[in-house]
């Protein structure tokens, strides 16, 4: 039982369409369910949605296709939306066997399967990225934000070397409730964007670059030291994490 | 003219208490004002509040008391709230001469002078810190969030070595609209907190620790790699920055 | 002659089942044996068990299958237990030719061949890991602790993002004589575990993660800076090393 | 009520010297006591001894003398042993006002006040250090191990540049139940010691050195990469932490 | 004899105002002069101006006031312009004794004494800095560029958090022959400036910032990874070095 | 319309060969053109040449062959010179389909297609490299400088271990208007070269080396700390960036 | 003409077996030879043996087989000994075509071809390594020292975890004129060896290890911080460099 | 009894000036002496001279004046030469009380007291430094080499920015048996020197510099990556260590 389902059940009770006794029975059953399922190699956190607003997401990195499929299978069996990030095509093949309707997003390297109703966020999440090479990360954020119930607006290849590209889109920036800014190399875009708006900016450094970019450290440090207010940072290439907190903000 | 003042003026026009002509005159005058004042060593960004919701804040670090006082003087003269962070007592002495009503917050090392009306945030910002040594940073966040119009709830010394201290305060965590978590050493508290709630967590690593804490790097890396969803990170010891984005979220 | 064999021999002398002369002869023979065998590319430390309680273990990394098999052959010929860590399947093939009864543990990437009697540790070593991706390292620790004569209890995928998973297993934690905690990403689990128990915690950072995990540095630094007492740390991904010191503690 | 007191109480019940009713009353009272005291800036973890075997220790670093004295006062009032590490002389002056019998250990920079009975460890903890400049850290370990109820044996200035100094003391090493090895510069001593014994070695890197010692990083990395088995590492200069885990091992 | 003097002499020969014999004598004398003067602790490079266009500059850092004054004395005695960077007031006091007309620039921490004619650069060097705290470095660049014969235009406190401050000064940027951009924190200003102009940009990272700015590393990496073309970088806080290469460009 | 074309048009107007009306029409048409073309995954910056003197260059790294070809196609369609750096052979195959006349420079890993007239630089750019292994980077610089309209002079394998190799080429160094110095390992060559000349030196560290060269960090730091004046540095292996700023200097 | 040949020629003159005129002719011819040969991509330093005692050695890393063979061909044509380090088998194939008598040393990854007489060093170079995995580097040192004219003594797998292995070989250590010590992981062996002898120790850190060995940084730092006197260090895995300086010492 | 004394004694026996019996008595007495003296905080290594050719040297860093004086007193009492490095003036005051004839070398920060005969090295040690700011380190090397029995030749301020300064001193370089090269900033001097000579070069990086010199890391890395043969490196600022190994080479 998700928090949205719980809320609807209680609304129904108040509206008189469900009687208290059967409502109580449903709630009790949900509470009795174990808070995790132990698969031996994994303990699926079945209460995460209640605590955090979205069911457990599978980070594909470092897990075998079989492990991913097994965990996915448990999530689907509870009829919750499925999201696997950092998924290789082999993982998708394995997931397809337990979830034939699942989709693979090549650019984002993510597997999704929408399921059940998800509460909609109140505004729009703008996802801006500095260059074409940042697309993998930006798309991971977009796919994540989408399945978590948010309206998204993509604004790609608007890096600071050609400022007019972002300055020309200020209207779209101002319409956002939260902005995710994805950038590699020197990672200057979040500072520029945050200086133009009055909404939270979630900065995602990417490993795009070479030499002294040190796999994204340059961009990460740049973003942590932003001279603009209203910027917070997630891990290098962590499009998922940026979307997760942006979704919480957009649902706040 | 702040965005709040602008909004009130337009409300008054709609309500008929102010006529269009004089409103137009006021707005025009504001628009004619230069978007910054050039003091030679500083260009005070007088439009920042319009763009970002709060006037320019003075980072005391690396500025002389005279420079700080001069910038403060320009902000006060426009009747905007004053906030100086990382302010030494000598800077406070200099500010007192241009702003006798200013206050110095010793623990937070901040100077403030409330002025004019600030739009109130909709919920509560919880500020949690792991240990007593993190107080400087937590208080900088608290003072900042306060002057930016937020209700705050302090939850101090609740580090993970004694989990019952934070587990016993889950109600206060659940009542927050956004949580700032301040921690040094291994910086594990944000992961634990974010695993318990469904609101955004802004993590602030502190330079508290020694040896392999490397001035806060250990905590910073820990927070960037949080296994919990809904965490974003600001610079080491940046209580101000955490409060700035938390305030934007709380005003969203 | 291992220390266990020596002790048994002396017990037999005291019990009168072995006469002093033949006991003295055995001991003298053992002492005459060279303390190492020189294979040219390797000097097998044949006295290590006497000094350290367990014969030399072969770190497979950086050694050719032929070199590994040659060293293994010398260990087996002295009838001591064999353990090869970081062993590729090719190394196992080579070892099989000199030790047909050897086993390969895929998850742990280890080759073992139990041989002779090993002194049993007095209690249980709990091996906890934070996530499914940490299994390689946790299993290396488990296989090592097992062959060194310890009872082990596996507690997998109990990371701090879902605290109830570890809090629900406190009984098993309290029953341990020493706990090995394996975690990547922010490496917060050892602090949480150590805060709950009064036994030594050996923390193993893993290279699980991406971006600012820097191949395990984030977890390593987090564990070194643990705010909880009773934690010591081994090298990144060093499941073997953790088990080696845990076994010494458990045999103390 | 500490675990030792609890055990004695139950022994007395079994022995018939205390009746069940009054024993039950005492235990109930102890359980009713809050698990922490909230001083505003600190939450003193009053249950830590029950969970971890020793009451909360005060890390003096980053706390004001007044804060240290206030926390110390709460610990003393519960009649538990007091230990403040990294204490400046000013902190000692402040503590003296609430605990006139407290002692200051200059070399260890620690404040202690023994109080009540502490369970004795079963063996001896050897504390070895490589050079005279490592004494601060070695003494912090010694003072800590002492107040936690351990017999200690100091073995100072036995660095590897003059191997005969440590080789000549092998008897003392073999008599230990656990060995703390403190070393700066290249930090080679723990590897050498661990190669000679069959007990756990807790290695403490120190910030002794200059240039490429990088404040102890060289020693830290050396110890983490020890080629000898049975070594685990604590933070740079963390004599306290080494003694805390050594004490747990020695009490196991 | 400087290259400018040499050129003038040859012009005079060609113009007939100086006869060949006396010109040859002057040139021979200059060539006979030793290419350096050995002061024991320093070898003053008396030919540097011939090779590099400006006489040796004294880096005050790490030299005693007496050493600085002694070297300065040798430069002045050859009637060349004097520049001491990173000079403490004590160094100025010592220099005053050998050069009573020398000036101390407090903000730039530099000592200068103009002497003889310096060839003028052909255009203007714009020196832009991001914040008030960057003034020390920007002024070191300005003083250096000035004494090397360049026209300079200061553009201070134009950081990217308030983009209109730099966008409003594009005319001054376009009039430059080379631009020095000084910035700390995330160091984004050079990318933004270089994206607007078609002249070389010399970027100077500063140590302004705290926490993850790591003494200027964040800004340095940001600038090295600039996505804009036409940017090259000098050492952290090296205002002098930026001006030296900018002057060469401006004299090209 | 490039700046060169604009200048020629205005010259023609002044010369009377073009009448004002048609000139105005041409200029207006150019200004009406959108400043970028949005390809979805990329926004081609069509005004970059006007602002920066050369059209947008494609960094091949991290872009798919199809993306590269699509952007290249847009640049060619505007009849501007094409440069793709860090291009794999697969990218060249894709580009060939839209630009059959394009050339692939194997050593430089670059694709070029000259098109239209490019303004010539006034002097010569010397490109010196320390060793044979630095050729990739030196050639990237050479190809870039060539297509940007510069005369180049290659001076390869002149590292400091055999000083006579560079000392014997001082004439060529003195004839340069700007020198690009490419070096890996300790990166000492720029300091030596800059000490010999009075023109700007652009230093390019390369990732050539092993061990403590750390992928070019050693060379990068060496160059940033050059004791010679007139040196500025670009990113590791960034031959393109060095040529881009050198070209601006040479066109200044 | 090498320095050895020059010396012999002069000896012959003194002995009267060669007359002065023909000796002068030979010397003049040698001096007339260009000090380097320019192959375009490489300038072979033909005078290096005169300056440094051994002809130019080819570092295979980063050079194509064709480039290596071309340089080798020039060295052989001057009848000097050939050494190629870091050579892949493909490079050996290419070299074989120009030097059919060349040998490939698999373990050392080196190509050699002895040619002409090399001056013999006066004593023995001991090459000790800590573990079997360090053999590649130790053998590179051995092959290099051998071709440079030194007697070598290999002492392999004598790491500090089993001290008796090195202590038992003290006689061989004392017979050395210089000792090369190769070690990875914590790199403690050079300190131990240097504490036992009174000859120079050249320490070579290797990249052997994992996790916090950071590709040899741990060993490098350990060796730089050696508490023993008489140790100097070369780059990680630089067996060649160690042998080169050891050979100079042994020829001194 | 030092090795020099031992050798002389044996010479005397062979020469018949000392009879075997009394020689045997002397040797036996020396062998009976403990190999170290235990002062509690220090174990003075009294056999170090026998093993390593020079008695134990006191590193003043991290030791109190009283500790330094106490160790010095023991060395003097055995009539061996005294050397204290990194000694503060306070340490000198304390040493003066036990050794009134000791000298303090301000520039080198060293205390010395020559005592007894030291074997002379066979050649000259040249000590070259790049700049005036490197004098502290160069002088530490000079004082150390001097007291260890070497002839030294100082060559100061010969950095690569003015190559003629070092090229003009090649004769002195060629006369050396070993060269110590001290340099900060980019640390290029050792490569240049080693390219000119055929003797070993010991490179000493210094912490001279700022910004990206990172306290000597830039120079250290540069030296480790030297493209010239015959270079080995000691710790940053370790003038003592360079002289110690140079002395061993010069005595070889």
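Labels for the chains are A, B, C, D, E, F, G and H, by order of writing; each one numbers its residues from 1.
One rule holds in what follows: a contact is a pair of C-beta atoms (placed from the backbone, for glycine too) under 8 Å apart; a residue touches a chain by one contact, two chains touch by 3 or more.
Here the structure is a predicted model, which is why all the values come from computation and not from measurement.
Shared contact partners of chain A and chain G, listed by label: C, F. Chain F is reached from chain C by a rotation of 180°, derived from superposing Cα atoms (nearest 5).
Its interface matching that of A-C in over half of the contact pairs by residue number, F-G stands out among F-G, A-E or D-G.
Between chain E and chain H the centroid-to-centroid distance comes to 39 Å (mean Cα coordinates, whole Å). Averaging C-alpha coordinates per chain places the centre of chain A 44 Å away from that of chain D.
Chain H has its Cα centroid 50 Å from the Cα centroid of chain F. Each of the following residues of chain A touches two or more other chains: 131, 161-162, 194-196, 211-213, 217, 220, 224-226, 229, 235-236. Every pair of chains meeting the touch criterion is listed here: A-B, A-C, A-E, A-F, B-C, B-D, B-E, C-D, C-G, D-G, D-H, E-F, E-H, F-G, F-H, G-H. The touching residues of chain H, counted against chain E in their complex, run 131-133, 135, 156-158, 161-162, 164-165, 168, 208, 210-213. Listing the residues of chain F that touch chain H in their complex gives 130-131, 159-163, 167, 185-188, 191-192, 194-196, 209, 211-214, 217-219, 221-229. Taken in their complex, chain E has these residues touching chain F: 3, 51-54, 57, 123, 177-178, 194-202, 220, 224-226, 229-236, 241-242, 244-245, 248-249, 252.
Chain F makes touch with chain A in their complex at residues 35-36, 40-43, 45, 47-48, 59, 61-63, 67, 71, 86, 205, 207, 215-217, 220, 235-238.
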